[in-house]
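Heads up, the next two complexes both have chain A, just with different partners, chain B and then chain C.
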Partner chain A sequence: MTARVVFQKASRWYGPVMALNDVSFELGPGVYGLLGPNGAGKSSLLKLASGQLRPSQGKVELLGRPAFGSPDVFHSVGLCADTDAFFEDFTGLQFVSALLSLNGFDKAQAHKLAIEAIEIVDLKEAMHRKIGGYSKGMRQRIKLAQSIAHRPEVLFLDEPLTGMDPQNRKRISDLLKRLGDEGRTVLVSTHILHELEQVTRRVLLIHNGRVLAEGDLGEIRDLLDRHPRSVRIKAADPRGLARELVLLPDLVSLNLEDATGHLLAEIKKPDAFFTKVQELSAKHGVLEMWVTDENLESVFSYLVSK
Partner chain B sequence: MTGATEALPIRPLWGGARDMFYIAIERMLPRPRSFWVFMLLALPVFFGILLRIYPPKGLPLTGFELYGIVVALFFVRNLLPLVALLFGSALIADAVDSKTLTYFLTRPISRLSIFVGEFMAYLVTVLTLTLPCVVMTYLVLCVGTPQGAGFGAMDLVQDLGACALTLFTYGGVFALLGVSLKRPLIPGLLFLFVWEGFVANFPGDAPNYTISAYARSLIRHRPSEEGLAELFSKFFGVGESVLVLGIVGVVSLALAIWIFSRREYVISS
Partner chain C sequence: MSSSQIYEQHYRRLDASIPLRNQRWIPIAREGLKALVSFRAYLALIAIASLPLLVRLVQVYFTTRFPETRRIVPVDDKFFFDFLSQQMPWMLLMSAYAGAGLIANDMRTGGLLLYLSRPLTLGDYILGKVSIVFASLSMVTLVPGLVLFFGARSLAPDVLGDVSHLLLIPKIVAYALVMILPATGLVLVMSALARNARFAGLGFFFVFVGSTVAAAIAWRATRSSYAGLISVQATLRRAGEAIFGVKPSRMTAELPPEAAFVVLAILVIGCLFVLKTRVRAVEIVK
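Take a look at the complex of A and B:
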C-alpha cells in the first residue's frame, strides 16, 4: 500500500485542551470513514491531515511531505471543510471556477472543470445563482464540488452529507465509492453510518482525541442497531410523512415539532428507516434529514468501557 | 472523474497573487462598505457643487484654498487613514471572520501570494474610490475660477501621489495590525485618533514618529494654520517624506507577511 496520509504519534493541543492524543495511522487508496461523536477530535484530525494545523507533537505527512507548510501538495488534495463559509455574492459556477484558478487552471479549463464538478453534485440548474440564495443542502454540494473539481488524489470531507436530502445523500455516497474505486484516498467524517456503510467498511473510530480502533464497521454497526437514534426531518408535508412512518415497526417515537415543523424520530433500525424515508421523499417532499448524535455518544461510551 | 494529478511545484508568486487578486477584488470593491466609503469621500464634491450653485457672499477663502484644505485636512489627515483602517485591517481578518481563509490555505499557492493578491486588491479598491473624488473636488472647486488658474496639472498629480502614498503606508500598517490581532478595528482607531491625531501636532521631535506628519508634508499648497497648530505642526521635505512613508509601508508589509506566513489559523464551525 502506498501511504498518502501518515500520522505518526501525532498530538495536538489548543492551549491546555488536548484535541488529539498520540494518533498513528496510514491511509492508502480507498475510502475511509472517520467516526466519532461531537468533540471527539474528528475536525482537528482533518485539519492536521489537510495541513491547516501543525501537530504539537509527532508527524503528519501528506503525499510524502509535511502536511503543514507544503502548499504544493494541494495540487493533489481536496478539502470539504465543516464550515458553512462561502463568497456569498458569487454564483456557484464563479465560486468553483475562482478556486480552480488558484490551482493554476486557466479560465477555460477552470470553467470546464467547474461545470463538470457541478454536474456531478447535480447543481447545474442553480450554478448561475448566487450562493447566498442556496439552501443548506445546495451549499453543502457546491462545497463538495470545489473539493473534487481539480480531481485530487486525496480528499478530506468533514461531514459532507449534512443537510442533504435522501436522493443527494445517495448520489454523494455513490460518488465517494466511485472515487475510492478509482484509487483516490478519501477520508470522510460522518455520523451517518448507513451511508458510510454504502461506500466503505474501513473506519477509524475516534473518541476523546484518540483513535480507538481502525477496522471494520460491522461491530459498530451491530451496536448502533441496538441503540435508538434520533433523526430530524424537514419535509413539505410532514403530517403525511408522519402518517406513513408511524407504521414502521422499529420506530420508538415520532413527534412533530411545532416551532419548526420538523419531524423528530427515535429509531432502532436505521437501515429500514432511511430506505423508507427515501421511498417516501418524493411523495411528501423530504427536503433535509439530520441524524443527531446523542445516542452515538452512548455507543462510544460503551465502546470505551469495553 | 478519471486521471490522477501529477506532482507539481507550488505556483509562482505572481501567478498565484494575480488569481488571488481577482477573487479579492470581487469580494472587496462591489460591497456596501465600498459604497458608503465612496459616499463619504465624495462629500467635498457635493459640497463644492453646492458652493458653485449657491456661492456664499463674503466667503474668506478662494476655491483653490478650499481645495487645499480638503486635500490636506479632509483627505490626507483624516479620511484616508480611516479608509486604510477599514480596508487594510480587513485584508486577512475578513477571510478569517467569514471562515473563507481555509479555501485559500488549501490551494497550491504560497501565503505570500495570498497576501500580495489581497493587498493589490486593497490598493486598487481604495485608489478607485479615492482618486476620482480628489480629481472631482479639484474640478468642482478650482476649474473655471480665477484663483485656480495658477494651479497646474502637475500639482494635481502630486496630490494624487500623496493620497496614494498615504493609502499605501497606512494600508501596510493596518494590514500588519489585521494579521496580528483578532479584533484590529478598536486598536486601529486608537492609533489614529490618539497617536496620529495628537502626537503629530506635539512640539519637538514627537511628530517624527507619526505617519501623519510625513503625509501632510506632501501637500505643498496646504492652507496656513493658526494658533497652536501653526506653532507646533512640523513639516518635512517632500523627498524625506516619500522615503519615510515608503519605508514604513514596506517594513509593515514585510512584517505582516512574515506573521501571516507562520501563523496557524484555527477556523472551525
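Take a look at the complex of A and C:
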C-alpha cells in the first residue's frame, strides 16, 4: 500500500487539553471513515492531516512530506471543512473558480474545472445563484465541489453528507466510493454511522483523542473479542437450546425475546460459541443465526462505552 | 492502517499555471478587490473621496487664471501636504469599509480553512488581505495625490514645471505610505481580533479617535511633548510635516519627527506580529 497520509505517534494538545493522543495510522488509496462522537478529536485529526495544525508531538505526513508547513502539497489535497457560512455574496461558480485560482489555475482553467466539479455534485442549475441563497444541502455540495475541483489525490471531508436529502446523499455516497475506486485517498469524518456504511467498511474509530480501533469492520471486531458480541438465534426449541448455552463459560447474557421467540446472546469468544451452536443445531432445530452488531453503529457503541 | 489495497491508479495531476511562491497572494488580492468593486458603495466612496481632488484642481486652475490668488493658496509642498492630510477621514472610512470584514468574516465563518487548505502560507494570506486594503486606501490617498500633482503640473507648468518640483512625487508617495501602512495594519488587526466586521470597524475608529483623546489627556497630565505620540492621527501628521518639510501645526509642534517615524514603524510591525499570531490562533481553535 502506498501510504499517502501517515500519522506516527502524533499528539496534539491545546494548553492543558489533549485533543489527540499518540495516534498512529497510515492511509493508502481508498475511502476511509473517521468516526467518533462530537468532541472526540475528529476535527483536530482532520486539521492535523490537512496541515492546518502542527502536531505537538510525533509526525504527520501528507504525500510524503510533513503535512504542516508544506503548502505545495495542497495542489494535490482537497478539504471540505465543516462550515457552511462563507462567501455569501459569491455565486457557486464564482466560489469554486475563486478557490481554484488560489491553486494557481488561470481564469479559463478555473472556470472549466469549476463547472466540471459543479456538474459532478449536481448543482449546475444553481451555479449562478449566490451562495447566500443556498440551502444547507446545496452548501454541502458546493463545498464538496471546491474540494474535488482540482482533482486532488487526497481528500479530507468533514461531515460531507450533513443536511442532504436522501437522493443527494446517495449520489454523494456513490461519488465518494467512485473517488476511492479511482485510487484517491478519501478520509470522511462523521458521527453518523449509517452514513459511512454506505461508503466504506474501512474505519478509524476515535474517542477522547485516541484511536480506539482501525481497519476493516471485521478486523475491528476481531480486536474486540474481549467485548461481548450480540447474536440472535432463531430455533425450533429455543428454551432447550438456552439450557445448554448457559453452560458456556464465555456467555455474558442470554435472553429469550417474547415477541419473536428468538434467543439473544451476548458472547465473548464468538468462534467457540458458533461451534457449540453448530453442534446443537440439529438437536434444537437452529434455523438461523446472525450477529446483530456487525454494523458500525454497534461497534462504535461498544467502543465508546468501554 | 491495515487494509487491503483496492488498486492504485496512476493519478493524473492537474498542474497549476502560476505555482510560483511569490505570487500566491495575488489571487487573494484579485478576488478580494473584485468582490469590493462589485459593491456600489465602494465605488461611491472612491468617487466622493475624489471630490476634494477636483476642488484642489479648480484651485490650481484659478491660480493660473488669477496669479494674485497664489498668495492666498500657494501651490507648494504645503498644498500637497494639506491635500493628503485632508484625505485622512476618507482613508479611515475606506479602511473600515474595505478592511474591517476581510479577516473577521473568514475567521467567523471558517473561510480561513478554505484558504489555508490551498497551496498558500499564512504569509500569503495576510499579504493578500493587506494588498486589498492597501489598494483601496491608495485609491483615496496615493492615487489622488499623484493625480493632483500631475494635474496641477499640467495646469500650472509655470508653478510646478520645474524639475525640482519632481521631488514632490517621492514626498507624496512617502506620506501616502506613512498614512496607508499603519491604517492597513490597524484595521486588519481589528478585523482579526473582532471576528465581526462591524465591531472591527468601530474598534478601528475607536483607536484613531480614542488615541487622540488619550493623547490630549496625557498632555494635560504630563505637559510632555511626547504625549502626542499616543495619538495615531497626530503622529501621522507629524511624520507628514517632516516629509514635506512644512511648519508643524500647533497640535504637533513639539513632537520630534524621528519619534513619530519610530512609533509608526513599531505600530506597523506590531500589527504584523498580531496578525501572524492571531490568525494562527484561529487555525488552532475552531
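Note that in this section the second predicted complex is superposed on the first by the 216 of 306 C-alpha atoms of A that agree within 3 Å, B and C clash if a C-alpha of one lies under 4 Å from a C-alpha of the other, contacts with A are read in each partner's own complex, and residues count from 1 in each chain.
Keep this in mind: a residue touches a chain if its C-beta (ideal position, glycine included) is under 8 Å from a C-beta of that chain, and two chains touch if they have at least 3 such contacts.
All values derive from a computational prediction rather than experimental measurement.
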With everything superposed onto chain A, say whether chain B and chain C fit together or clash.
clash
Is A:Leu179 touching anything from chain B or chain C once the two structures are fitted on A? First, second, both or neither.
first
Which partner does A:Glu214 contact after superposing on A: first (chain B), second (chain C), both, neither?
second
So, A:Arg129: does it touch chain B (first), chain C (second), both, or neither?
neither
Look at A:Arg151 in the shared chain and tell me whether it touches chain B only, chain C only, both, or neither; answer first, second, both or neither.
both
Touch check for A:Leu53: first (chain B), second (chain C), both, or neither?
both
Report for A:Ile120: first if it touches chain B alone, second if chain C alone, otherwise both or neither.
first
Residues of chain A touched by chain B versus by chain C: which partner has the larger set?
C
Quick check for you: in the superposed arrangement, does A:Pro71 touch first (chain B), second (chain C), both or neither?
both
Looking at chain A, which of its residues have contacts with both chain B and chain C?
14, 43, 47, 50-53, 71-77, 79, 81-83, 85-87, 89-90, 98-99, 101-104, 146, 150-151, 153, 182-184
Contact set on chain B toward chain A in their complex:
1-11, 15-16, 19-20, 22-23, 26-27, 30, 98-100, 102-111, 264-269
Parts of chain C lying in touch with chain A, wherever the complex brings them together
1-19, 24, 27-28, 30-31, 35, 38, 105-106, 108-111, 113-121, 124, 283-286
Report the residues of chain A in contact with chain B in the complex, numbered from low to high.
14, 43, 47, 50-54, 63, 68, 71-77, 79, 81-87, 89-90, 94, 98-99, 101-104, 116, 120, 146, 148, 150-153, 178-179, 182-184
Would you pull the chain A residues touching chain C in the complex into a rising list?
1-2, 14, 25-30, 32, 43, 47, 50-53, 71-79, 81-83, 85-87, 89-90, 98-99, 101-106, 109, 113, 146, 150-151, 153, 156, 180-184, 202, 204, 214-216, 219
